[in-house]
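Below: the structure, in structure tokens.
Naming follows writing order (A, B, C and D), and every chain is counted from residue 1.
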Amino acid sequence: MNADYTADEMMTVAAARQLRDGTACFVGIGLPSTAANLARATHAPNLVLIYESGCLGAKPDRLPLSIGDGILADTADAVVSVPEVFNYWLQPGRIDVGFLGAAQLDRYGNINTTVIGGDYDDPSVRLPGAGGAPEIAASCGEVVVIVRQNLRTFVERVDFVTSVGYGAGPGDRERLGLRGGGPRVVITDLGVLEPDPVSCELTLTRLHPGVTTDQARAATDWDLAVAERLTTGDPPTRHELTRMRALTATTRENGRGGT
Amino acid sequence: MAKLVALSDGVADLVHDGDVVALEGFTHLIPFAAGHEIIRQGRRDLTLVRMTPDVIYDQLIGAGCARRLIFSWGGNPGVGSLHRFRDAVQNSWPGPLELEEHSHAGMANRYVAGASGLPFAVLRGYTGTDLPRHTANIRTITCPFTAETLTAVPALRPDVTVVHAQRADRAGNVQMWGITGVQKEAVLAARRSLVTVEEIVDELDPVPGQVVLPGWAVTAVAEAPGGSHPSYAQGYSVRDNAFYVGWDAISRDRDAFRDWIERHVLKVEVQA
Amino acid sequence: MAKLVALSDGVADLVHDGDVVALEGFTHLIPFAAGHEIIRQGRRDLTLVRMTPDVIYDQLIGAGCARRLIFSWGGNPGVGSLHRFRDAVQNSWPGPLELEEHSHAGMANRYVAGASGLPFAVLRGYTGTDLPRHTANIRTITCPFTAETLTAVPALRPDVTVVHAQRADRAGNVQMWGITGVQKEAVLAARRSLVTVEEIVDELDPVPGQVVLPGWAVTAVAEAPGGSHPSYAQGYSVRDNAFYVGWDAISRDRDAFRDWIERHVLKVEVQA
Amino acid sequence: MNADYTADEMMTVAAARQLRDGTACFVGIGLPSTAANLARATHAPNLVLIYESGCLGAKPDRLPLSIGDGILADTADAVVSVPEVFNYWLQPGRIDVGFLGAAQLDRYGNINTTVIGGDYDDPSVRLPGAGGAPEIAASCGEVVVIVRQNLRTFVERVDFVTSVGYGAGPGDRERLGLRGGGPRVVITDLGVLEPDPVSCELTLTRLHPGVTTDQARAATDWDLAVAERLTTGDPPTRHELTRMRALTATTRENGRGGT
């Protein structure tokens, strides 16, 4: 690890780099929002940010503190109702990228944000639930997941399928009639995972600088597949770090950070 | 025409024990003052409906008003968990809380169906998730033209919906702007509605992005300046983010919570 | 981002022979200039879609552009019948015109389904009328919760939708206000869209009652000042009611109609 | 007939009188719009006018020239989209009165505005069609019809059912699942018809001043039922005539009248 930046900062920068300029991105709050706003502040000035509160094309100059932050409405191209954002914008597949977090994630990119442990009616931990995620995961052109990698999170089998990745493997999305492409990439604090083109299994394809394969394996509760041509990502540039810290600093002035 | 009422009278008249009650507002315009009045009046056995049960529902649940919750995302936005909600689900404190759980898209469409006088709504949603295994109110439906299978959810018809808005005029026409969420649908889906507003004015000057609810579609309007705090009312106030952060510590502890409710809700001097 | 184009190029690129084409605008903001360009470019075999085929579709039908019409009310508003429409239906002049006939509620919901990426929409409509006997695209559907029988109509997905709006900016964001009808749904339901505007401006100042279509949801924008005449563009022009009255006499007679099209559409000098 | 006013004026005044103050009325263009605006200008200042163009609570100071006249949007409490006016406002039964015209009307108040003569695919006369009428007739609390009475219009059987009145008689609306009450009254240039409470058949209950039962019978292509207690309506008051003529005069200045 390089002392110049934290693992979370590396993760956020790596996630931001996944967003192509000019695309439309459905942004959840927290890490996805930080990364999406960083992308807009660096290489993707024309990234269209869509928030489930109904803000289309929001252009905040600081990190929004919630998906309903006033700065989103103030800077949006259009503010529409919540039913409209789901029915007219998300559902028909108009959004290129869905940007999601996770409390648990399995090898096929299925996501749990509902309950952990016990059973549904008597869980060990009750999480917030689905929100917009099931339909974001179903309908966006592709999904980018940003999540810290550890044994609690990277599990063999999620306790509850809140949002479908590749289900039980190849062909499942098609069988279910899900029209979006599913998870294209998972960005963690250790590296980057991508689905194998044949098996759909999440495969470690890139490590962040200073991270080892063993570290990634040790943080994964399943037998982690590693790409033959494993690469190492570039560290955050000075520019990326400066812009990211400027964004999070404005947020801290306005209350707590968006994580 | 909507009746102009005092908030306490509006809640007394329109919110009854056992009712299905929706308080809506998507981060913005959350009707906290009305929620506190419901706690003060000691309502019990409510089925609470809300897409994003956040701090206001944490308070209602912790205060023992709720028997059941119909929702799609229950958290403290930007902070973390709702501890009163978790305590009710995990430990049945102060009483058991039945859950009916949906996605945002499903909840939004349930309100749309209610507002439209239809018994159900159709969407592409929930497919492949575990939600339908635990929520009976998610079914499939076949397109009569393409034979495609889609998802159906039943209409939501709250007994009463409560929302907060920026302004109303003396005929009870309600005007809100900024992020207006699902409030129009929630009001139109309900049998009765109560709208709290920052101010009652003589004339509603048009505002870009406004949603206007005609007074004849609203049951009652109550003036409640600051009534969305710690949420915000665009043009009137900003979100009190520190409150949301502070709520985490207050709500983690049952006694701290009870003490807070005692001091900030029950013992508050309320204007008539 | 929408491309900014000349109207003639926009029509040439986006409207093809045989296409399903919707020109929408509910009395207000009817895209007459675009309709005239379609006539000038000699499009044929179009399936024309429109809730209220009025004078603009009378012109397109009389000029021989249409093979089929999907609609819910075909008249000259406030004046009477559409004589070119009637001549086509009653006498197949200038060619036969197939009809697919709906109610406004049905058409509006067909666009909503199209905009929503759903194959059909559900409504309470058509029941007991003779419309379902003549329109195959009206079926019944059973509520999976209440077993109630409702009506289903299939989504409309025009190949191209054309609308007129007050303004756009240089990124192709479109702004309209006043009566905005079904235009948002018609644009979002279509595979391609062309929006004519009164003017292209640097900055879209917010206007009460506005509907904004983001540029990335629109295919092309063409400046066409006065492009809704004899309809109107609120804030820019008033409706030319005398034209609508005068159209009655022009359109009653095939030769008078042909002469009018010749002089006012075909031989018009068009700005590039 | 009294030379002070025309039969059409009497009809419009009689129709306006049917509208109660404070109710919400879904207004078609033409005679219904004239009558509804006259009601608002006389005894029903708080009548809520709803036009299918999406204008809720329009308060025009002249007759609108079409259902999409700019004055409707300018003076409305709210302007909503066309899908919304049908789905959120008409369909759930929020509108008290639907105000319709007709090209043909039968004894059960069924309305035709689609085709006359021949068959549907090869009609003698192609009329404009349904517009909003089928759902207005189905969903409003009650329906008021305004139509000139003559043998072409008052027919034994409409050539096409565009909008359902009482169908084939008692119980049909319930069987069809129509939730509104159906035609409460039909106002013509000769008098007023109301459905018999038992048979649902339209029955002549009132004549305009100077009109005879024989005239009404002669203008009806079915065997017209006449109420035992047939009354004669009041002629237009001076006030009603003045306000009506002021409304139609402003319209003439702006183009053609709304009929």
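As a convention for this text, a residue touches a chain if its C-beta (ideal position, glycine included) is under 8 Å from a C-beta of that chain, and two chains touch if they have at least 3 such contacts.
Just so it is clear, the structure is predicted and the values come from calculations on it, not from any experiment.
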item	value
Labels of chains that are neighbours to chain B and to chain D	C
Computed distance of Cα centres, chain C from chain B, in Å	39
Computed distance of Cα centres, chain B from chain A, in Å	28
Chain D, residues touching no fewer than two other chains	87, 91, 139, 179
Residues of chain B touching at least two other chains	117-118, 123-124, 148, 184-185, 209, 211
Which pairs of chains touch, using the document's own definition	A-B, A-C, B-C, B-D, C-D
Chain C-facing residues of chain D, complex	29-30, 52-55, 65-70, 72-73, 79, 81-83, 86-87, 90-91, 114, 120-135, 138-139, 160-164, 167, 172-173, 176-179, 254-259
Complex contacts: residues of chain C adjacent to chain D	26-28, 51-52, 71-75, 77-79, 81-82, 85-86, 89-90, 101-105, 108-109, 111-112, 123-131, 133-134, 148-149, 178-182, 184-185, 209, 211, 232, 234, 238-239, 241-242, 244-245
Complex contacts: residues of chain C adjacent to chain A	1, 115-118, 173, 184-185, 188, 211-217
Footprint of chain B on chain C - complex, ascending	117-124, 137, 139-141, 143-146, 148, 150, 152, 154, 206-210
Touch list for chain A against partner chain C, complex	22, 24, 46, 48, 56-57, 77-78, 87-88, 91-94, 139, 179
